[in-house]
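Have a look at the structure that comes next, please.
By written order: A, B, C and D. Residues from 1 in each chain.
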Amino acid sequence: MSSNANTPRPAEGWREKIHEVIFEADTRQGRVFDILLMVSIVLSVMTVSLESVDSINSNYGRELNLAEWGFTILFTIEYFLRLISVKKPQRYAFSTFGLIDFISIMPTYLSFVIPNSSSFLVLRSLRLLRAFRVLKLTRYFGEASALKRALHQSRMRIVVFLFAVFIICIISGALLYLVEGESNDGFTSIPQGVYWAIVTLTSTGYGDTVPITPIGKAISVFIMMMGYSLIIVPTGIISTALMQPEPISTQSCPSCSLGGHDYGAKFCKHCGSLL
Amino acid sequence: MSSNANTPRPAEGWREKIHEVIFEADTRQGRVFDILLMVSIVLSVMTVSLESVDSINSNYGRELNLAEWGFTILFTIEYFLRLISVKKPQRYAFSTFGLIDFISIMPTYLSFVIPNSSSFLVLRSLRLLRAFRVLKLTRYFGEASALKRALHQSRMRIVVFLFAVFIICIISGALLYLVEGESNDGFTSIPQGVYWAIVTLTSTGYGDTVPITPIGKAISVFIMMMGYSLIIVPTGIISTALMQPEPISTQSCPSCSLGGHDYGAKFCKHCGSLL
Amino acid sequence: MSSNANTPRPAEGWREKIHEVIFEADTRQGRVFDILLMVSIVLSVMTVSLESVDSINSNYGRELNLAEWGFTILFTIEYFLRLISVKKPQRYAFSTFGLIDFISIMPTYLSFVIPNSSSFLVLRSLRLLRAFRVLKLTRYFGEASALKRALHQSRMRIVVFLFAVFIICIISGALLYLVEGESNDGFTSIPQGVYWAIVTLTSTGYGDTVPITPIGKAISVFIMMMGYSLIIVPTGIISTALMQPEPISTQSCPSCSLGGHDYGAKFCKHCGSLL
Amino acid sequence: MSSNANTPRPAEGWREKIHEVIFEADTRQGRVFDILLMVSIVLSVMTVSLESVDSINSNYGRELNLAEWGFTILFTIEYFLRLISVKKPQRYAFSTFGLIDFISIMPTYLSFVIPNSSSFLVLRSLRLLRAFRVLKLTRYFGEASALKRALHQSRMRIVVFLFAVFIICIISGALLYLVEGESNDGFTSIPQGVYWAIVTLTSTGYGDTVPITPIGKAISVFIMMMGYSLIIVPTGIISTALMQPEPISTQSCPSCSLGGHDYGAKFCKHCGSLL
């Protein structure tokens, strides 16, 4: 722990060895560990899922419970190994993945104290989030830095777009509540109308609430058409972000210090001096 | 009011102060005002929504009514502050946002005169449109001038595309009315068939009206496939618009006669001479 | 008619005058005619639609019938004006739009001879296709030659893509017929399964036929995911077509006569001789 | 069979003749064979489909059975012709298409031994996969090497994307099982909740399971919105892959040292010297 480096790097001792196997995927052992962990996660989530199926739980409840405890003990051991192998256990414990790791094991122990709560099933299914660690998504998306940058850049615009769509849905929902409210059992309130409007605009279309008056149908047709054509906005947002050439501003003019030059530009477009 | 400038600009007096806080988001007060306004809008729309839920309204009707009056008085004060702080109150009053601001407060007062009309609920929910003002969408989309231009350019084509889709739906709807009409309770008329066709083509698929004859199913399968593949048209429209480079090529360098300069570039990026 | 030019061009006489008004939209009269025609088409299709609504037809049947005859007579006059104003009436009569114009008026006259057939309603609704003539879609899409070319180029690929999707749906449908057939009333045959598979893959999801066995649900989840991700194929097809720079092959090497050179290439990339 | 070449190439004898007709589409006979084969495949799959329709099978069972045997014998002959005409029959027999060809004929013969099994119907419908052979998809997609490469490149990312979507659906499904489980008959278990979440996120929306509690509806609205906006990820993935220029820049001209040459270019397009 008396290391003077911030980045974890191979050093002497068993701690480093464990760290390499558990956190990295460069060595053969590391890869084997990753695969075993992935299999355990998937199997343990399957256990959770099957436990929730009444017919299966009544027949195989004991076996599933046993398996659950097996996985929990396994994950607990892994959790402590992680804790002791990292240089800064506290930082790990409160990192996103550290918390997920903790949530993955806690519910089973808690169910010992507080018995029979189905909310533990859901908490336990959160351990699936650990799969993201094994996936090491950046391994697959890492090289696609252009895509990552584009998605990152588009983040705010997509949120604003969804917010605008949501506002449209609230007003449409209120309108349909006004139009259909009296004759239709489905539009009992504005929130119910908003729910319907979102189901319609996103083209999900459950069919649990449908307009029955001619005016209601006309408005819903309009919402569907809007949902069908609004697709161009997110598509356009991501395309725009992708089309922006690689960050051009890395180079800034030595004399006027303005950026935004094209790749390959030889002269500053703002002041005319050589770049 | 005897200003000789068209654009509102900071001047002496409390009016300018109010204007800055209410209309702009540059100062700290302006930003605080924006956030408070946004919260008020959201809360007031939630009030309207909850009022429409029978079970909530019967229990908390009084509280909701009080809150409603609170928000209305707040918005009324804000409306008058806006009126007196702008240089041209009339132009504000009849601008889009001015009218929305007016519609946001009117229904509550009207409900005093004309009691118990649910259409006021809907009118009141229109105050959500005010959120767009606070969002200042251009703040997020402003820099994406390429996207804005592309969406603007594509406007007409998307409308024509939707119109063409609509024509296809009318003819499909008429066809299914012919095919299914007699054996299916859902296809009672051509408009009903058109409604079904739009629900199908946009892939909403409520399921309130479904084909039951083999021929009807075959046609609807065809419509679904069309809806599934027609997506390339709006996607293509926006992509084409986005791919049209910024209108840059009009200007070419007077000394080296090369083009491709960005908008607003003052110097040739190839040879450095003044454009 | 003794014209020696193939392309219609302004000449002396009333025929040319009529042709200009009816077929072109350059003159003021031509535009007025287009608008009136569009209004007539829309109103006449609305007449047809309303006639199919029982409650409206029983009350306003007489008025709708009158309106129908009015529109038919109008369109008949227009049809004959078109016939006598074009240089080659026969070619017009058998052109796509000529046939549509004919189909627009025929059913009403036929309903005189063969009474009370709802299929005439559908035939009459085909007159909506005439709207495409007025729309002169090329007016809006014409300038977007890149898009038009891309859509044209992608035509075959989209058909093949849809065919491949269709094959997937047939096999999925057969599979679900095998899996669900016995326990589910909805999967009575393979064609029924195929219908369901298409409804599912295109994300329409009527809900008239749904899987009920766990295996059936697992397979349908797989189909949905496929439909959700297959969208990249049509998107990719159109994007590829759009991204292909303007037809580069116009220039072919003078010595080896091979094409496919980039814009601005000075030397043939195949044989090295000057282009 | 004592050929010393790996690639099949035209040689003397009837075998080569058959090979050319059956496997290639260059000659007139080859094209005629392809069309006849396609027609046979489509008709035989239609036979299989119609056989599964009870009302048709009871009336035309004999005829369909006869047709089935006709097609099976035809395909058997074709199979043996393929076997004897290729240079390496074993490699053909165990190739993908060889196995599909075998599966296309086997079930009919097996139904002779093991009577009345509907699973044979499904196996027989697999012969539709043979259509892909006739389609020779590469004929249509071959030239679009950019698209093919992009789809190939995106393969892994799409799988990871779908996996991430799947994880979201499992957690959402577990959540809704927790929220709706007690009051809603549709959410009987976590797997059922996951099924619902996928139906919702992909915007299929059968409507066989719908949320009924306000919290459940709020969560499902969130899932729909996510599904609606997540579309930008696959779109972005394919766009990114398409935008990566052909891997051209590795090779630069030895004399002028400029790059950007197309794959397969033999001469520098800038200076004309040999690459």
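In this text, contacts are C-beta pairs under 8 Å (C-beta built on N, C-alpha and C of every residue); 3 or more make two chains touch, one makes a residue touch a chain.
Everything quoted here is computed from the prediction, not taken from an experiment.
Counted as hops between touching chains, the shortest connection from chain B to chain D is 1. Set against the C-alpha centre of chain C, every other chain centre is closer than that of A.
Looking for a copy of the A-B interface in A-D, A-C or B-D, one arrives at A-D, which has over half of the same contact pairs by residue number. Interface chain B/chain C: under half of the residue numbers present appear on both copies, so the contact uses mostly different residues. A straight line joining the Cα centres of chain C and chain D is 28 Å long.
Distance between chain A and chain C, defined via averaged C-alpha coordinates, is recorded as 40 Å. Within chain A, the positions touching two or more other chains are listed as 191, 194, 203-207, 227, 231, 235, 237, 239, 243. Considering their complex, residues 45, 48-50, 52-54, 118-119, 121-122, 125-126, 128-129, 131-132, 135, 137, 140-141, 144, 146-147, 150-151, 154, 158, 161-162, 165-166, 191, 194-195, 198-199, 201-208, 227, 231, 234-235, 237-239, 242-243 of chain A touch chain D. Residues 203-207, 235 of chain A are the ones touching chain C in the complex. By the touch criterion stated above, chain B contacts chain C in their complex at residues 156-157, 160, 163-164, 167, 170-171, 174-175, 177-178, 181, 188-191, 194, 200, 203-207, 210, 214, 217, 221, 224-225, 227-229, 231-233, 235-237, 239-240, 243.
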